[in-house]
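Let me begin by handing over the structure; questions about it come next.
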């Protein structure tokens, strides 16, 4: 589809919109419906669209597989790390109250961090799955 | 070690406690097995280890016996795998009797085995000697077992340790025989014996050996017969028909194995267990009161006769001896089932008397195999003139089994007979008498044929000489023992009497 | 009677989907179709959870003035997790199918079975 | 501060190690990290058991949310026992894994392999720790998904189909469990196990509860490979990499047994088991499972498959124990969970050693190998005795308690079946012994050497454990007994 001009143009325009929506879902998660899972998937959709239009090689130049793997791992580490951080600060695992002097603020920080970790991991994993399938040579 | 023991023996100094001695008796053969494995490359050293271990164990057991006479009844708990049930060693008279028989005969068999194994050019001799030691160790474990759980433990180890010995030759036939052997022994012990033990435990909450039994008053007498049957048949090593097939199957093993294990250690472990269960789990009073032995006793009686009849039909000497063993084992079981003091005395005594006689017969059979390479009775015509010592020993063994004076076998048969009379079982007495006649019919022809028969082609043997010296020595010792036991049965008699509760 | 049928329509939908999916898993020899069936099967459970979390005339469970009835959020949270599990299962299943296709040249169960047997 | 969080760290340590392992370069580093993590887990699990062994309960509130609203990790003797089994097996398997994995897994996959292994560990430990049924489902899926992946890493292509088959059956099972949990949740509005037990008590006769129970039991039975839902297991064990066979055979079904116990007796109750035909169903399936799976094992021509069928039979014993529904029965089940983990761990390690040397576990390749590999052979032999239940081995202890429980229940038939099962075990174990010891060594195998020390040592640790726990049962029986009583207490709560 690399030569299909209309698709290329539209995809270019759609990409930031989708990404923006993903970030909205991500960061508005603690006020409204949303969160890391959904945001992660939406963000990966943006990249998947990009890949569909511009091809796997181009996409993998932006996001090489090893980077994706590191991202996926980092997400988990952020998640679990937040839990460990709350433990270190004297609370139970994932007890956000302890992240800040003000428990309400702590809850905000905590959920943000957690959802961030989830979002990163989910989008990276979705992309890895997608890349793995598309990258498989037809036999 | 030997020195310490001798010192001990002379009674001048007791360097070891009774408990230590008891542990040594059981564990030394295992240590010996390891030593044998380590010396596997150097046959002479290996055999030296075997003999030293056997001699030491023998001395230790004698020592325990002497201390026992002085009134020492040591007991050791080595582990408690189940709450309230420990692995326990304990010395009591029946155990000493069995241990004495097993350990002395091990020493003699070791001497014999060296000649036999070398003369027969057997393979894997290291494995053979090592497992032999393990088997004896487990036999002593059975002898000194302080409760039913420990008895079962050593009983099973004995089965497993002897399996490779039976399958020693590695041929298809040997493997088939070994499969039958281990199959029947494990099957009866797991399905029947273990069940019986567990039922006993459920009912009484204990598995201790206690004078007068532990079941009396706790088990409904109506069920006693069934539980007793589970024990009698579950102890497959006692070879009560219909669970006797393993013993003929085990005859594929090298002769020393047949001699010691399948005439002494393994089978006697079975009847020993039967006696133990009878005396210390059920208690004779409970058995007679509940009538648990009413119908079981006919299984023993039937086995005595049937096995004797089958023995007559077997041409293979070892097979014939195997069926003879089955028959003789049921003498002991019969003694137990009579559940009278004299019956038990006869049964216990028969353990030792039969052991010395039967091992002589097996030694002779093995010697014939090594020297003349003959295993069928019909081929042995005239062989006795070439091998007079061997056939002489065989004759003595036969006469002792038949129960003629002046041979030890007479005593046990005498007391068994008395036992049947005492309990008014005339039919059983006739079973014993008929069986003695059958013994004559299947044992004596061997020696008769050997001495007076003719070879197939009418010639005399010129190239066949006597078996290796070590085989002869062993045979002579055991046949002498058969005679001596007639004149001096006191040691075994006292122990058996003590166990039977007749004191 | 009608009440039971109409009033519990969500259950009927769930049961129908569940059986359809389960049947597909069992009956189809095509590995992809099996996974599709598995997905339908799982989706029916998602529906079950979500529909039982619904409170009639309730709103999204976000505290705001003027709303007192809201749906139970817990089933949603659970199902979100279950969906993730489902997605992972599907992805893994499909990946296996790709590998199987490469190894056997087929994704029909009976053909694969025949090949293994002939070994 | 550390102490109060230790129970949670048991899950978090492997969870944190997994992504780090995945990022490490291939080679021995991932192995080292996994090893460290699993040994740390073992230490924590040991500590945890020492705390709860006397009947104490550790309760940990995740995120500081009090139960029953938040997720609670609730550790009593049974949880700690299972956690100890899982982490101990992992800790023993890993030294073994190094060489075996280098041989069987392509080098470029090692870090992912170990990461997946750690995830599997997370899942299994999580199941053992959690006190929340939905959380349990999630952990179950984590462990299942990672085990599908691990199985698919086997060398032969049939590993793929085996993993696929397991994936389909496992997912169906998990979904059943999910339906069941949903139905119970509808009835009670709670997911906390203790809370569920209390709230279910007055409504045990509700049809929804019964339906939910049925779904839950069937779902777990699939994971448990309970006869007749065992079809996935033999191939899964056979074609997976050796290390994974060891780990899964020794832990996965055991953890499933734990889930069954926890759900059936902890969440529902002993009363419920009695008023429904559950106990009879367990007994029936157990009897058939023991007999048929053992017979099937006899006809196998591959050691790994044989052992897999034996596992199904052994699991059926545990189901029998549950069916007896008494303290003694549950004790027997739990003791056997532990002992069977030791046996199957050692046996599959021995299999792995064979595969390491001759590349196959099929009988025709093993002729006479007993003499070439005496240590491996002796390990198989001794553990085989344990499997049969010869006194002096751990297996005897479990068999003892099973029969005792059956006798207490006055079920003669069950007692006989249990003993008969041992007999069948003699037959199939003896098949291996005969092949390995009495067949002549073919020329092609003359050069086969004993397995390397790093494979032998873990194997023998388990073999010796098999003997040790046959003589010293203070740990196993005491813990199992106290766990069984705790379950009973929960069952008769108020």
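As written, the chains take the letters A, B, C and D, and residue 1 is the first residue of each chain.
Heads up, the rule we're going with is that a contact is a pair of C-beta atoms (placed from the backbone, for glycine too) under 8 Å apart; a residue touches a chain by one contact, two chains touch by 3 or more.
What you are looking at is a predicted structure, and each value in this text was computed from that prediction instead of being measured.
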- Note on the structure: Check: interface with higher C-beta contact count, A-C vs C-D, is C-D
- Report the most central chain, judged by the distance from each chain's C-alpha mean to the global C-alpha mean. D
- Message: Can you work out the whole-Å distance between the CA centroids of chain B and chain C?
- Response: 69
- Query: Distance-wise, how many Å sit between the C-alpha centres of chain A and chain C, to the nearest whole number?
  - Reply: 24
- Task: List the centre-to-centre spacing of chain A and chain B in whole Å, with centres computed as mean CA coordinates.
- Result: 78
- Centre-to-centre distance between chain D and chain C (centres being mean Cα positions), rounded to whole Å: 28
- Note on the structure: Checked against the stated definition, the touching pairs are A-C, A-D, B-D, C-D
- Item | Complex contacts: residues of chain A adjacent to chain D | 69-70, 72-74, 76-77, 80-81, 83-84, 87, 90-97
- Partner chain A, residues of chain D touching it in the complex: 1, 5, 8, 12, 15-16, 18-20, 22-23, 60-64
- Message: Help me check something: in the complex, which residues belonging to chain C touch chain A?
- Response: 60, 62, 80, 83-84, 91, 94-95, 98, 101-102, 105
- Message: Per the contact definition, I'd like the list of chain D residues that touch chain C in the complex.
- Response: 134, 137-138, 141, 145, 148-149, 152, 157-158, 160-161, 163-164, 167-168, 171-172, 174-175, 178-179, 182, 185-186, 191
- Item | chain C contact footprint on chain A (complex, rising order) | 31-33, 35, 37, 122, 129, 132-133, 136, 139
